[in-house]
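Presented below are the structures under discussion, each in the form of structure tokens.
You will see two complexes here that share chain A, one where it goes with chain B and one where it goes with chain C.
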Partner chain A sequence: MHKIIKWSFETFFGSIFNTLITLISLVIFFFLINSIIGFIANSEWELVRVNRRLLLIGRMPPEHEWRIWPILWISSYLVFSSISAWASPSKKDLLLISIGIFIVCLIFTTSATFIFVISSLLICIVSYGISYFVCKNIHNNYYKKFLITSWILLLPIIFAILLLGDGPKPTLWGGFLLNIILACVAIGFGFPLGVLFAIGRASSLPAIKVTCTVYIETIRGAPLVAWLLLAWFVLPKFLPEFWGINNISVVIRAMIILSAFTSAYTAEVIRGGLQSIPKGQLEAADSLNFGFITKMLLIILPQAIRVVIPALISTFIGVFKDTSLVFILALTDLLQVGRIIPEQSPEFFGRQLEALCVVAFLFWIISISLSSLSKKVERSLGIGIR
Partner chain B sequence: MQKKAKKEIGKEIITTTDVTKFFGNFQALKGISAKVYEQEVVVVFGPSGSGKSTFIRTLNRLEPHDSGTIIVDGVELNDDVKNLQYVRSNVGMVFQQFNLFPHLSVLRNITLGPQKVKGLKRSEAEDIAMDLLKRVGIPEQAHKFPSQLSGGQQQRLAIARALAMQPKIMLFDEPTSALDPEMIKEVLEVMTELAESGMTMICVTHEMGFAREVADRFLFFDEGLIVEEGTPEHFFTNPQEERTKLFLSQIL
Partner chain C sequence: MNLLFEKLCVLSRSQKIRNISIQFVFLIFVGLFVYYLVSKTLQLDITLSHFASRAGFGISHIFYTDYTSNDNRWAAYLAGVINTVRVCLVGIVLATLLGTIMGVARLSKNLLFSTISYVYVEILRNTPLLIQIIFWQIIFLQLPRISEALTLGNNVVISNRGILLPFAASNENGYGGLWIAIIAISLILSLSISFYINKQEDITGKVVKLYNFRLSGNLIGLLLFFTATIVTYFLLQQPYNIDLPSLYQNDKGTYLQSGGFEFTPEFGAILFALVMYTGTFITEIVRGSIQSLPKGQSEAAQAIGLSNYQTMTLIILPQALRSIIPPLTNQYLNLTKNSSLSVVIAYPELFMVSRTIMNNSGRALPVFFLILLTYLTLSLAISMVMNIINRRVTSIGT
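Moving on, here comes the complex of A and B:
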């Protein structure tokens, strides 16, 4: 105890410079605490509590609300089974995940949804346990292959659940759900496309190289908002009237533009990774008579992607947040909901900060999950260590 | 001399005629005509920049030659992809920088070729791989990663990887030049055993002791041409050309 006091005294007040810094820091610190306490005391969290449904699923009609639960169950199952199968989380990781989920449930559970939330939590725990025991005791890869197949099928399944049986039109999808779906589609299609464009741009065949370069540079040449507006306004004028192309839902157009955008940026990130591969790797693969596809898939791409995982995850986090820009297409995503709530009812007029706090928190949860995923992947691939 | 009696030098397996190679304006090979016979061990040596690495890299078309003909095992090396694939499946190469696949385990480095190119089943490929690992002396490292091995072990792994494709000819491009002195011996032992088992080998090396013991023929390169060729004894006792004498005096 004495040691701590002595150390504190020396560190904080040891010299005149240290003392000055300490005093300035204390002033700033107290100012911040004062502001935060003032905000919390005066804030009206009621508006968040009342509009929870709006924040999470936007303007989806109440009669279709039941579709959310199967989606939540399947997603929870996949996420927690995957965490257990591949991430081997430490006790600290599990604790943090539990706290995060607990806070989110606390904020968003209503009496009506209580049962569903509890059942989702149960599925989380049970799927984690099942995955844990299966992977520990059964030493083949069937369960992991099953999980991978399920992940690939996840998007089609979600679409099926949302649309089958005369489901709500995609333009009614909104809130957090919309952001997540858009991000999953953008990354799910953008990443493989990006890989192809990266390889194409590095190719020696002029036709392929020029096409890929033109594609990447054109898309990077305009902001995403401009591309979305292009899809909304200009496309109908240019495309002929067949296959009901002009009646394609705005959401589908947004997905196409987002995927193209992601693919261009991902292509450049991966091209950087491709350039970092020593020429000797290609020579070794050639001397072993590997075909082009084998060479790319098994030797070059694994090494290229490992190296650029931080930049790649950064791009994906950016894409997830860019999905907010679909507000320009009159879609109500999470941020848009957060902005219009205070204007909806007179009692909450001017209370922007609370809604935006929750919006920011939800965005942050996903971003931090992606970052942690990135760290886990890097650690398990041994980057920087071997 | 007894060990050489075991193998029989066979027919011509590599024929190069007037091969030239340019890098921009610089001519690396100025007309190389050489023959290599089955089960023969040929050592290529010479000062740096003389074109010896370029020469053996043209033999599996890692560098395409600009003029002249190269015929490997009856097949001419040109732009024909089928020819190229035939040649590459029969010629293995070991590099100075090892060029192992860092993201794959030792075993997987070896089994990848046979599995993906030759279509072997995983268990067959692994059997072949373990035999080769025993042959080069590192069977216990099978499940480690290349970066966890020492330089000598890595090069031996590279040799095993090339041998897994069951080539008729092995090319060695300065295999021990990047190794610490204490590890050179273990790699040279593997190469000696390989030579005694009858593999056709073409080595670019500076290890004269090894070359003298194992080689059937020397080729001395200087400035893109073969200046002199002959048996090891010829070179060490009675070199003809001035440039050969100069080079030998510097390295011996």
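Moving on, here comes the complex of A and C:
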């Protein structure tokens, strides 16, 4: 007891400066907690409960709503199998994950969708268990290869489910679904392109190097909203006219721009990784008479990407956050839905903050889980620790 | 024939020839692509001639220029650029301050202080900037209406139309510019004099004394600067007055406000959001750089009896600056580019003005090139300044 009092006295009131800091922090804490409690006491979450369908899938027609559930099932299976296969989460992580999922379910479950949500939760638990036992087993290599393949196939599967059989037009996608699709496409296409551009920029051939540098620096030179505006006004005029490509939907244009943007930023990150590889590795690969592609795929890229995984993940988080900028293309993504719904119905007038809070929470929960993943990877690679 | 074929085989194995041929093929593809782009571009109007015509839209935040909607589009664009530069400059300074304080706080032994920093970073870094901008705008608009405006002794007026602060207003005698110039010159002079005296003190060990009272270089510089500015202020017949904001009702009963420096909700929202958002990244940079220093440095500082504050300012931060500055430059560039998001709350900066011009004129491409060029110029300016600082910082102690 004596020790605790001494410790707390030293940490909080050790010197005059320290005391001052403690007092200031107490004032800030008091102010924050006071305003948060005031907000919660006065808030009404009816707005979110009524409009949850809009928030999640936007203006998707009700007859196509069933397309969402297989996507949710497949992705929850993949996410939880991968968590169990690679991340080896501690009990604390599992608790946090389940709390997050619980809150999301609490906000967004209706009686109509109850059965689907329950089945999705069951799939989560079962897939976690299955891959936990398989990975203990001898077959774990095959299983991991299977998981990687299905991650790569995830985008085509999502598109097939959303579009096949007279699916809704892409302009009708909206809400959180749109954000996630845009982020997946941007990362899925932007990452491989970014690797290519990074290799090109590090290349010794001047023509390739200059071209890649010009591309990367031009894209990074202007803000994303400016590029999106360009897609809105000019991109159709630059696309070829056959098959009506020049009339592509605004969502596809946003995808093109976001992929280009991601590729430029990813290329810069990977370039850092390429520079960190000692020259001896290249020479060793050359002395083994590896060709260029073998050298890159087997020697250089695995090492380069491994070093920059934390930076890569934070770039991806940035891309995910940036998908909220598609408001400039008049798309109704999650944030736009959150801005519009308080204005639509008179009984919710002046309740923007509640809608904004839910929107921010949804973005936050995805970003924070990705960033904790990156911290975990960083720790397991031993980068931050000296 | 056989001989020729063999020679070709040998040649094709040569690294040099292979490199050239790869580049040649690559360049053909790039050239075709560029040709396609250029041919499509030439079908559009890519001159900026329409910028000479009347703009025809008002801009709500005019600073330093006197733009009206009758001016041409160049003037409107310039007003937008000035608004961008203004928000970026203030934002960069404040974000650096906030980030440094929070970065040091993150490593502080004081549990409360480090918790504040942790919560701040984890919440604000992981939500989109756009949400934060809208959030601050909502907060600013929840201030009392102008009829119930809060006033602080006639110095500050707070309402949802903005916060009015006392500001300097130039007198009509026309000496304002001269006084500003004198301030700048005396600032440079006093800085160099104090720097010189400090250096002499370091080298020779002699101290300038006035009746047993030690005059350090910093003190002399400060004295010089303030005497110079105050004396010239009165010599030039008080070129600037303090302009107090005022709140009054006209004869119809509507409330009006005038005078002072107007801190509008839009400017406040974009500034707060940019500072808070970029501050989180700067916090992480500062924390990472401090943590990357060997622990022996702070232990050595404690061993020679420096206080915690002195350890931080004299030993840790100067060394950490070397690894802070390159990523910091990146964050400044990001802040500049992110300021374009203020289009969502209608703060009329560069991007919003040019979007209006694009909509009005229907010629998007040349305006886009102009945007690209402007942001490139701003980025280059920031990188140049930061490179100079970086060179100075890395040259210390070598």
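The criterion applied here is as follows: the second predicted complex is superposed on the first by the 347 of 386 C-alpha atoms of A that agree within 3 Å, B and C clash if a C-alpha of one lies under 4 Å from a C-alpha of the other, contacts with A are read in each partner's own complex, and residues count from 1 in each chain.
In this section, a contact is a pair of C-beta atoms (placed from the backbone, for glycine too) under 8 Å apart; a residue touches a chain by one contact, two chains touch by 3 or more.
It should be emphasised that the depicted structure is a prediction, and the values quoted were computed from it without experimental measurement.
When the two complexes are overlaid on their common chain A, residue A:G280 makes contact with chain B while staying clear of chain C. In the superposed model, A:L288 lies in contact with chain B only, and not with chain C. In the overlay built on the shared chain, the residue A:I299 is in contact with chain B alone; chain C does not reach it.
Touch criterion not met for A:L56: it reaches neither chain B nor chain C. In the superposition on chain A, A:C135 makes contact with neither chain B nor chain C. By the document's definition of touching, of the two partners only chain C reaches A:F17; chain B does not.
When the two complexes are overlaid on their common chain A, residue A:L205 makes contact with chain C while staying clear of chain B. Of the residues of chain A, those at positions 386 touch chain B in one of the two structures and chain C in the other. Within the complex, the chain A residues that touch chain B are 278, 280-281, 283-284, 286-291, 294, 298-299, 302-303, 306, 381-382, 386. Taken together, the chain B residues at the contact with chain A in this complex read 60, 62, 85, 88-89, 91-93, 95, 97, 99-103, 112-113, 116-117, 145, 147-148, 161-162, 165.
Chain C makes touch with chain A in their complex at residues 19, 22-23, 26-27, 30, 37, 40, 43-44, 108-113, 115-116, 122-123, 125-131, 134-135, 138, 291-292, 307-309, 337-338, 340-341, 343-344, 351, 355, 358, 364-365, 368, 371-372, 375-376, 379. By the touch criterion given at the top, residues 11-12, 14-15, 17-18, 21-22, 25-26, 28-29, 204-208, 211, 218, 221-226, 229-230, 233-234, 237-238, 317, 321-322, 324-325, 327-328, 335, 339, 352-353, 356, 359-360, 363-364, 367-368, 371, 384, 386 of chain A touch chain C in their complex.
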